[in-house]
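First chain written, first letter: the chains are A, B, C and D, and each begins at residue 1.
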Amino acid sequence: MSVTYLEAIRAAQARALAEDPRVFIYGQDVGAFGGAFKATKNLANEFPGRVLDAPISEDAIAGLAVGAAIEGLRPIIEMQFADFSTVAFNQIVNQAATLYWRTQVPCPITVRLPCGATSGSGPFHSQTMETIYAHYPGLIVMTPATVEDAYSMLLEAVAIDDPVVFCEHKLLYYHLKADALPTEALPVGKARLAREGRDMTIVTYSAMVHEALAAADELKPEGWEIEVVDLRTVKPLDTDTVMASVARTGRLLCVGESWPWGGVSAEVIARVATEGFDLLDAPPQRLNAKDTPVPYHPNLWAAHRPTARSVAAAARKILRQ
Amino acid sequence: MSVTYLEAIRAAQARALAEDPRVFIYGQDVGAFGGAFKATKNLANEFPGRVLDAPISEDAIAGLAVGAAIEGLRPIIEMQFADFSTVAFNQIVNQAATLYWRTQVPCPITVRLPCGATSGSGPFHSQTMETIYAHYPGLIVMTPATVEDAYSMLLEAVAIDDPVVFCEHKLLYYHLKADALPTEALPVGKARLAREGRDMTIVTYSAMVHEALAAADELKPEGWEIEVVDLRTVKPLDTDTVMASVARTGRLLCVGESWPWGGVSAEVIARVATEGFDLLDAPPQRLNAKDTPVPYHPNLWAAHRPTARSVAAAARKILRQ
Amino acid sequence: MVQTVLETGPVAEESTSRATHINAYRLMLLARVLDDKFASLYRAGKIHGGVFLGRGQEALSVAVGLSLREGDIFAPLIRDQAGRLAFGESILDAVRTYLGSSLGPMRGRDGNVHRGRPLQGLLPMISHLGAMIAVVNGTLFARRMKGISGTVGAACIGDGATSTGAFHEALNQAAVEKLPLVLVLADNQYAYSTPNSRQFACQSLLDRAAGYGVAGHGVDGTDLCACLNTVGQAVAQARAGHGPQLVVAQLLRLCGHGEHDVADYVDTKLKSSPVGRDCLKVAEEFLRQQSWASETDLAAWRSEAIQRVEEAVATVQREPAPDPFAEEWTALSSRQLTELHDEESPGPVDI
Amino acid sequence: MVQTVLETGPVAEESTSRATHINAYRLMLLARVLDDKFASLYRAGKIHGGVFLGRGQEALSVAVGLSLREGDIFAPLIRDQAGRLAFGESILDAVRTYLGSSLGPMRGRDGNVHRGRPLQGLLPMISHLGAMIAVVNGTLFARRMKGISGTVGAACIGDGATSTGAFHEALNQAAVEKLPLVLVLADNQYAYSTPNSRQFACQSLLDRAAGYGVAGHGVDGTDLCACLNTVGQAVAQARAGHGPQLVVAQLLRLCGHGEHDVADYVDTKLKSSPVGRDCLKVAEEFLRQQSWASETDLAAWRSEAIQRVEEAVATVQREPAPDPFAEEWTALSSRQLTELHDEESPGPVDI
């Protein structure tokens, strides 16, 4: 049996619904239809009355989730594409994210965001939004890169008493497979050593983990052993694991799929530069998507995002220093 | 004669209206009433039909501005508080910011955001949003710190063919005064050396420039000469000026009023660490607001944001290394 | 004694009765006195930030609070001092929030009208207009999912806020889900300085009800009797399972947008028209006409209200302000996931 | 020859005439043939991303395009191939955008239905539903400010998109400003898989008009005559200065949401009901009944349409794809304000 990233997300939701009567799912087309990506396939059937279609009202979807959370439920809301969460933005960053701090009443909602660029999707069906949400106090931002993490972190997202923005990467939905669902997981907020190496650390997350791993493969015949840190959650960000890795390798490249200004890669480099300056044997570098909207055409798209190739090229520059 | 930061903003708008028939102003209560902060006082009178009250519809306000820009006009839209731009977010980041890239038709709109914390304003009337907007391709983000810049940069914002998010700081509105309106200005995108010094560089912007300058005063009797760089625009960010200053001082502190995760200070440190690593004689540091919503009570508020005192304290730590 | 507790219960069937009226009037009076006190504290520089009053809107507001019962949900807006008191919010909660006392429900973190107790059904507004309605929907949705029936959720809103996307999405959502939402719209003719003519183009905001497929109720917001009746009926309809109810009241804000605002933009013709009547005076006159209250009663109620407010203020003024050093600087309930920053951070690592 | 240029002009007064009908029918047919071609290219794996068809909605859509004239504004949505052609968009613009040709109006940067030419009044939609309406408002607002009168702006929208806050804010804004906006609402009974019953609770979306204070027009969206008449009238009203017009058409999407979608959720009863009629067949039948077209005409028109589409596709398939190395990677028109990043950055500074 093998399970895809998307199936893991579905399975996590099924399990959450089965084990916790407080859980429900609300979002456009998530009911009988099973969601635009089929992440809720059959769930409406299996859990009658607990998987509901919403109007095209992202603001109200998020607002309703907060109200339900106040009443002790554990809503999972699906945005059809992460890009559309811009119209739910206010309820997420100002209503959900501030509730606990203002009132001591927790706000355990999970906002599922199908994120990230895929070929042919264009400027409005490709965005990653982890940078935006991570900036706000009161939110946890998860960016699972593996099937196992998609499963276990989504379960954790539902269990956490704070609002979680769960960034699923659409490029991984169908292609990424694991043998089975995991039975254990790293704690929330812990990064994962996706690959060990002594020459350089690549810190990354979500789909870019796979580009980084491929880059590491590419660099191996050249004699370089690259360590890859998968952040898993970008807020909180596991500075300790990053720092420990940089302490071993002395070199750092941060790779993010989001736009360059102020992204995860800026945050990681700022942390290492401020807290681990002396660990660095060479200037840290970062690699991001280009600072334009995400292009539609595959040629442009492939050049817009970091790829194994551009990651390897950036890594070589650092390694040569 | 003296002129306040707020009067400068009003004067810039008056001049833009007078000199360019394509300019108009649209926003809640900006008409006869002159705006919540009186930034458009008398303008509706002076320029009949060109300063219009809008319904409480931030999304439609921004959308209308884009349409008018397509038709060749130069709208200035006022959000009553920056915080409320969250409900115009989609039109700003997805409609305005992508128009030129998608269609080659420029989108010369100016979005005025009364930003920043003031005592007693609380979580929803205090936010700075430069980090959020600067992350998106296609936007210019201005953060004037002086009366002169408030004036000249707003005029430039209107003149620029791209959408400009103009972050005015409410704390400076009434208190900050200059002798006269400026007759010349630095080019857009150029940072300003607000104070020269040899021992350390503080990079900052908006209201925090004044905290940094006060901190520099405080450190002077201790024998330290602190250089203060006022970024003026945070996107584009004038890396050259920052780098040149760090080259002189070897030490860097970045101060921002926004939340710590991924703010301007992370971006600045990431740039210096990646491009100017060897310039640094000590680890760079940053200082931001705390990672919670902005508190209402003055006691909490004063502790939440960086102040001259906390800037000086952070600077001392770096100077001692 | 003026009731400010939850037991007040529904009033539809007895809305013209003496006891209900007197109770409602005294709550309105208390709200007015409390508001006036905030205004004078503001003028004295004792309040940080703005002060927002409900003057002229107490009849409508009190009717909402009194029509709800324990276990119901209430999302008041900036002019709902009367409704809050009627719903059971204590004077102390109000004063503590305005003065930033660390003992208040918002502990100095949020202020003025941004207060509530979510677990008691009193939702603390965020400033973004329209944003609370969907939250009320969510509480009602949750109640239904938990098998609890009979809950009503009331959300208050102004004319200006009807122009927000949030208002529209949430009212439509409530209609689709047939939730027991009572949306109480105080059409006070202005949104800050903006008159209705620049806010909407329909004849009356009541014309919106049909477009959502919800019941609509119009009412003279200056008339306590009418408000008690109409809001009471709307609440009863919602409670009986007839879906969302939209109540549109006509009235005038008899104060500035906030106490900083002299409101000279308000049309003088409106002030002297029926919507410009002071609902408190109208209610008082009605009590007189019905001989339900003597001048002595009225005077006594007023002094009692003043006394309660003064006591509360005096108490709160002795209470501790929040202490930034004792403050837990985290926005997360999951403490272990809080990140350290800046001065708290461990600083450069030595190896 | 089928007209796909802007000179087509307004049709209200002659909407039942032979020439108008034939022109409209041939545009519908062309749109259908073009859509079918996109569908087959999609199945052949020749198109990146999704394909969205207007099947079943051509009558309404063409009526919009034909009712507008040069200088008007048009913001089509995903099912408006017919309206686009009628408004004057070339087949090449459509094909180039779907195939990502660098010669298309979007130069491969954006794709499929996300295309337009703003300076010719054809606004390129962003995906966020409802977001284009306010942009149309802005263009109309600008025209008025510039002293240009007589412009109409049409925005198309689906039933599902009426639930967005953006829809509400923009329609209200147009009403307050009394803009010549024609909002054409294709109620095709579903938003993706979501039926109307989960989208709104009013009887008909036409019930919304009164709430905004705008004129409302209902129409059978499967009937070309009715669409030409009603949309033509609405446009004429807007042009005459009577403010925003809301047209609500009843019809059914005769395809999946996109070509990836088999749409087995569509109620079979609806398919066999009057809203399920294929407007193209209805229009064809009408032409036959009126003896305005012979079988030979119909066949000839179809082959001409096919030929034009095939030619365009063949042309575009030979065109260059965008070249990432030649691409100017900046989102700013102010080139000098573009920032360099990553690999383009100068790298560590040596001093």
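Couple of notes before you dig in:
Here is the rule we go by: contacts are C-beta pairs under 8 Å (C-beta built on N, C-alpha and C of every residue); 3 or more make two chains touch, one makes a residue touch a chain.
Because the structure is predicted, anything quoted here is derived from the model rather than measured.
Considering the contact criterion stated above, the chains in touch with chain B and with chain C alike are A, D. With every chain reduced to the mean of its CA atoms, the largest distance from chain C is reached by D.
Put simply, the C-alpha centre of chain A and that of chain D have 35 angstrom between them. The geometric centre of chain C is 44 Å away from that of chain D, both derived from CA atoms. In terms of their C-alpha centroids, the spacing between chain B and chain D amounts to 39 Å.
Centre to centre, using the average C-alpha position, chain A and chain B are separated by 30 Å. Chain A has residues 54-55, 57, 59, 83, 86-87, 90, 94, 97-98, 101-102, 123-124, 137-138, 235, 237, 261, 274-275, 277-278, 283, 286, 290-293 in contact with two or more other chains. Shown for chain C are the residues in touch with two or more other chains, namely 106, 109-110, 114, 126, 128, 163-166, 169, 172-173, 176, 198-200, 330-331, 338-339, 347-348.
Viewed as a contact network, the protein chains are fully connected, with every chain touching every other. On the chain A side of its complex with chain C, the touching residues are 24, 49-50, 54-55, 57-73, 75, 87, 90-91, 94-95, 97-103, 105-107, 137-138, 140, 160-162, 188-189, 235-237, 243, 247, 274-279. Residues 163-169, 172-173, 175-176, 178, 197-203, 207-214, 243 of chain D touch chain C in their complex.
Partner chain B is touched in their complex by these residues of chain C: 47-50, 100, 106, 108-112, 114, 126-129, 160-161, 163-166, 191-194, 198-200, 265, 321-325, 327, 329-331, 338-339, 341-343, 347-348. Those residues of chain D that touch chain B in the shared complex are 105-106, 109-110, 114, 116-119, 123-124, 126, 128, 131-143, 145-146, 165-166, 169-170, 172-173, 176, 330-334, 336-339, 345-351. Chain A makes touch with chain D in their complex at residues 28-29, 31-33, 36, 53-57, 59, 81, 83-84, 86-87, 119-125, 260-261, 283, 286-288, 290-293, 295-300, 302-304, 310, 313-314, 317, 321.
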